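Okay, so subunit A shows up in both of these, paired with subunit B first and subunit C after.
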Partner chain A sequence: MKQTVKVKPSTNEKIVVDAKGKDTKQLNEILRQLVAQGHTHIELKNVFGQRYIGTDLRKPVQIDIYGTPGNDLGSFIEGPRIVVHGNAQDGCGNTMNDGKIVIHGHAGDITGFAMRGGKIFVRDDVGYRVAIHMKEYKGKKPVLVIGGTAQDFLGEYIAGGILIVLGLTLKRDEKHRANFIGTGMHGGVIYLRGNVAPHQLGKEVSILKLTKEDLRELRAYVEEFASHFHFDSEEIMREKFIKLLPLTLRPYGKLYAY
Partner chain B sequence: MKTLLPPEFKIIRDEAKCIKCQVCVRQCGFEVHTYDEEEDVVLSNNAKCVACSRCVKFCPTSALNVIKNPLSYRENTNWRQEVIHDIIKQAETGGVILTGMGNDKPYPIYWDHLVLNASQVTNPPIDPLREPMELRTYLGSKPDQLVIKGKHVKTKIPPQVPIETPILFSAMSYGSISLNAQLALARAASEFGTLWNTGEGGLHKELYKYGSTTIVQVASGRFGVHPDYLYAARVLEIKIGQGAKPGIGGHLPGEKVSSPVSRTRMIPKGTDALSPAPHHDIYSIEDLAQLVYALKEATNYQKPVCVKIAAVHNSAAIASGIARAGADIIALDGLRGGTGAAPKIIRDNVGIPIELAIASVDTRLRQEGIRNRVSLIAAGGFRSSADVIKAIALGADAVYIATAALVAMGCHLCQKCYTGICNWGIATQDPYLSKRLNPDLATQRLINLLRGWSLEIKEMLGGMGINAIESLRGNRLHLRAVGLTQAEMDVLGVRQAGA
Partner chain C sequence: MNRVFKLNNPYNDDKVISACSIFGMIDQSGRCFSGECVTTAIANMQVRSNGLGGGFAVYGLYPEHADHYAFHIMFLDKKAQEETANFLTENFLLTHAEKIPTRKTAGIVDPPIIWRYFLKVNSKPRIELEGLSEDDYVVAKVMEINTKIDGAFVFSSGKNMGVFKGVGYPEDISHYFRLDEYKGYLWTAHGRFPTNTQGWWGGAHPFSILDWTVVHNGEISSYGINQRYLEMFGYRCTMQTDTEVMAYAVDLLMRKHGLPIEIVADIFAAPLWSELEHMEKTEKDLRIKLRQIYSSLLINGPFTVIIAHQGEMIGLTDRIRLRPLTAGVKGDMLYLSSEEAAIRLICPDLEKAWIPRGGEPIVGRLYQKEKKELSHRKKERG
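And now, the complex of A and B:
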């Protein structure tokens, strides 16, 4: 069903769309039309599980979401800046190429799967298999910052980019939830704040101390995180971080008989 | 460790004919031939020979031949020579044995047990030289019904992609094959009116101009997948599995990730390109539906989405799930499907023959009344136009060819694609080797192959008294079985010849 939208002449102003009763296809079609008309700031109210929000809007538009967006929020995006004033579900930022997603709450499984560029900030916890197969290429370096903790298989097969887990939702002495962190890791870097036992890490990672340069890089992203959610970045930075790197860029190089 | 592996092949050089021009020395990337200046003699190291025939075909005096090493062990049906050699190889390396191309084991080839019908007396054959013959095939989901009001079709028809012959080029990634090889496939597909497939290695920027005849793959590693890539394509293909290695991921070794390959895949040079076995966002049919629609939303419903799976035991049920997940096309890749690199044990033992898979999938989709929702592309070792037409009679809409296309370009099936050395300039990124493949000539050879097969298909169709390939699809009465068991005939839905 084709949905048409009436618009006010000025497109700089924020336009509000009520997502109530609209299915995924209708909502995305409305977004496409609004962006084609030149809108740069869209607020979606009453979002209720609609998927793929923002997916093919290849412009740096701002989308504010109230309610709960469905799976694959911002999949494949290249440009939009999406702010969720609540929780996100699974697959947020799937294969995203550029842009920014800020989540004022939790995010589900496979957040940041195969992302190649852009940034995702999650205030609280994330689900399983987060940041699997994140990768980087030249100028493109994805950044995923998780304020809380993550479930198993965090950063599995990670091939590039920066994954930061702050552990802010953990109690004192409580360990991170994830096991198999960085299994199959062959690129990128993971910075972890908070306790993790060695058995929680994958076989393919090495644990290192942060260098001055690492700290500078980390601080910049922590400050960006803190500014979104009104945390004190200094306090976050006071605690110890560990850095995980792949032992080799070719973890499975010796598997074969030629 | 001293190797106990004997050479597989033996080079026979006719010294009387050899003029010591050293063409063979230069042609062999495996460095089999060397020239000894002092002795003025050309020598060969049999142990390195892979029987690719490059030197044999380029020797100006026909002085060379390559034969199987006649070495004999005591005869033993169980402990064949290949079995012994594989054990030796693993005892020496402790690794997984890699190989290239498709399954070479003597499983039944059902195509060779199916014969086609022809018209005699009661239903006259059609002469394709005089009468129009329609091979054009539309790939895409067909609606359950058409609502027509006046002169207008009211039903919204999902995107359809016409191809002029029911033959497409199957996925071969840049990385596994050279850019020249992909360029030839892309050009031949464009000129002939069919499609080629990028595989999972991204789309090289020089090939974007062939976008309207390109199928782009989205595989578990998501290499080179970004909005421009999706927009450029005519069809989007989610690769779940591949006939040569069902159930396992892919692995492009770091040595093959040269700068241009790294640019197209969008990963740093020299790192392994690891494709996990599953898509980590697909653990169920519902998750598959989510990715199907993610791709549709990302391209505004303008392109059909294909899902490619390896033919395995439950293909029929899986295919039904795929159709219900919203895919427009299903590609089924059988036991004999080729590859650039796969563990030999998997290539030779996992999956089912494509003939059985086509029949069971087509039957199942018909039983469920959803056959129209998807086009079915069959793949896996199609050798001739006869295999193609039999596949269509069994129920496929079209077939994918890859090995046959490579052979048309010069491949001699040496199965060494995984080494990165291909003396025919196809499965290599070495500039010295890849420039051997002249893309103009390769394009012409591919077009010739498509033309030859298409003419033959028209002849066979005409012989059956049919003038459009559409009318043959799933028409298994045009097939009869010779030398098959009742169980096999039941799965194939084909009657005994003569009965």
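And now, the complex of A and C:
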């Protein structure tokens, strides 16, 4: 069903769309039309589970979401900045290429799945297999910052990009509970704040100290995170971080080659 | 059904994105509410099902018959119904029988005959002679009907609760069975996307025995092993869907063997051996023993289930959480759902929403007082 939205052409003013009763296709069709008309700031209210919000939008528009967006929020986006004023479900930022997703709450499983570029900031915790197969190529380097802690298989098969976990939802001296961190890791870097035992890490991971250069890179993203959610970046940076890198770039090279 | 093929779609967004949807809510204060909320919630996840199965379980459903076993039975023909009615009169004290009232619903095609029967066990001496409890006797009779009477399937057999299910989207099933007219303090719901077996009326969720019900998203790859193990205890799988073993397994472990859900969770979703290595000795020994004793009830494969029985609702996922589950709380109400959006739709101001870890049960119970009252009443009845 094709829905037409009648609005004044091109404006910098925010336009509000009530998503109530609209299904995934209808809502994304409206977004495409509004962006084609030149709108640069769209607010969606009453969002309840519509999937793929913002997918295939290739312009730097701002989309504010009130409610709970459905799975694969911002999948394949190339440019939009999506702000969720609440929690996100599974698959947020699936294969996104550029742009930014900011979540004022928690996010579900496989957040940042196969992400290729852009940035995701999650204020609270995330689910299983977050940043699975995130990758980078030349100038394209995705960044995923998690304010809280993660569940198992964090950074599984990660092939590139920067994954930062701040552990801000953990109590003092409480360990991260995630197991199998970085299983199959063969690229990219994970910066982890807070304690983990070696057995919580995948076999393909090595623990390193941060260099001055690492700290400079990390500080910039922590500051960006802190500015979104009003944290004190200095206080976050005061705690110890560890750096996880892959032991080899081809962990399964010997397994399949003969 | 979803339309799998549609031409001229430039965005390729007509992929069938089905999975299964599950939802459950319990008012732990025991207040009863109608089926409207739960129908709205499960309907919000329509893309997860494909119209080949929907169903609901309701607790606190028949207060006027609270001490009767309420059998919901589907019949493929009149002959099956007559034969079953005779069987019930021979084996039980049948106090009331009626057709379950329905509405004409566009999405519901070719439904079977569905009746409910309120029964009491009247042959006490004979049961005692066989060393069976009343519940055991009822389980045995349900298995007998399901395996011996052609075209008759008992799909609900507990006290003061009931299952309603069939082929269709869950919201259509709800409309068909007039669930807005019933009240209960605990509701679970399911939208089906059949993967390995056909969509038929008996194959829809919830699966149940006595007052135990299970709604499930996933696939039980260990079905064969589980089924053969349960057969040794008299359970017969007749519904052609893997989830059936879960219903019988919780009946065996929780009712007959008296195990708490925390232990049952460690049997169904046993921690990986590599995780056992890092546990304290007593914790580790217990889990190794569970794996030895109940190895045939390890549920392998991806699953999220909502298990319910009188006064209790439990959410559980497999140990590496290959299917989603979100929990939410507001006041006395605990919500469990495949997707958070479905909860928020009927309760936008949740006090707390969280994503449980794999293998970790989330339990909602009627407050202790009611629980005690229930067990007291149970004793009185026994």
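Everything below uses one rule, namely that the second predicted complex is superposed on the first by the 254 of 258 C-alpha atoms of A that agree within 3 Å, B and C clash if a C-alpha of one lies under 4 Å from a C-alpha of the other, contacts with A are read in each partner's own complex, and residues count from 1 in each chain.
In this text, a contact is a pair of C-beta atoms (placed from the backbone, for glycine too) under 8 Å apart; a residue touches a chain by one contact, two chains touch by 3 or more.
Remember, it's a predicted structure, so these values are computed and weren't measured experimentally.
Student: Of the partners subunit B and subunit C, which touch A:G49 in the superposed model: first, second, both, neither?
Tutor: The second partner, subunit C, only.
Student: Who does A:N71 touch here: subunit B (first), subunit C (second), both, or neither?
Tutor: Both partners, subunit B and subunit C.
Student: Is A:T24 touching anything from subunit B or subunit C once the two structures are fitted on A? First, second, both or neither.
Tutor: both
Student: By residue count, is subunit A touched more by subunit B or by subunit C?
Tutor: Subunit A has more residues touched by B than by the other partner.
Student: Is A:H106 touching anything from subunit B or subunit C once the two structures are fitted on A? First, second, both or neither.
Tutor: second
Student: For subunit A, which residues belong to both interfaces, subunit B and subunit C?
Tutor: Subunit A residues touching both partners: 24-25, 28, 51-52, 55-56, 71, 90.
Student: Residues of subunit A touching subunit C in their complex?
Tutor: 24-25, 28, 47-49, 51-52, 55-56, 67-71, 86-87, 89-90, 106, 108-109, 125, 127-128, 151-153, 177, 179, 197, 199
Student: Which residues of subunit B touch subunit A in their complex?
Tutor: 89-90, 92-98, 220-222, 225-227, 230, 251, 253-254, 262-263, 266-268, 270-272, 274, 276, 280-281, 290, 293-294, 297-300, 418-419
Student: Show me the residue ranges of subunit C that touch subunit A in the complex, using the header's touch definition.
Tutor: The touching residues are 11, 13, 17, 44-45, 47, 274-275, 277-278, 320-321, 324, 326, 339-342, 344-345, 353-355, 357-358.
Student: Quick check on the complex: what are the subunit A residues that touch subunit B?
Tutor: Those in contact with subunit B are residues 24-25, 28, 32, 51-52, 55-56, 58, 71-72, 75-76, 78, 90-91, 94-95, 97, 110, 113-114, 116, 129, 132-133, 135-137, 140, 156-157, 159-160, 184, 186-187, 249-258.
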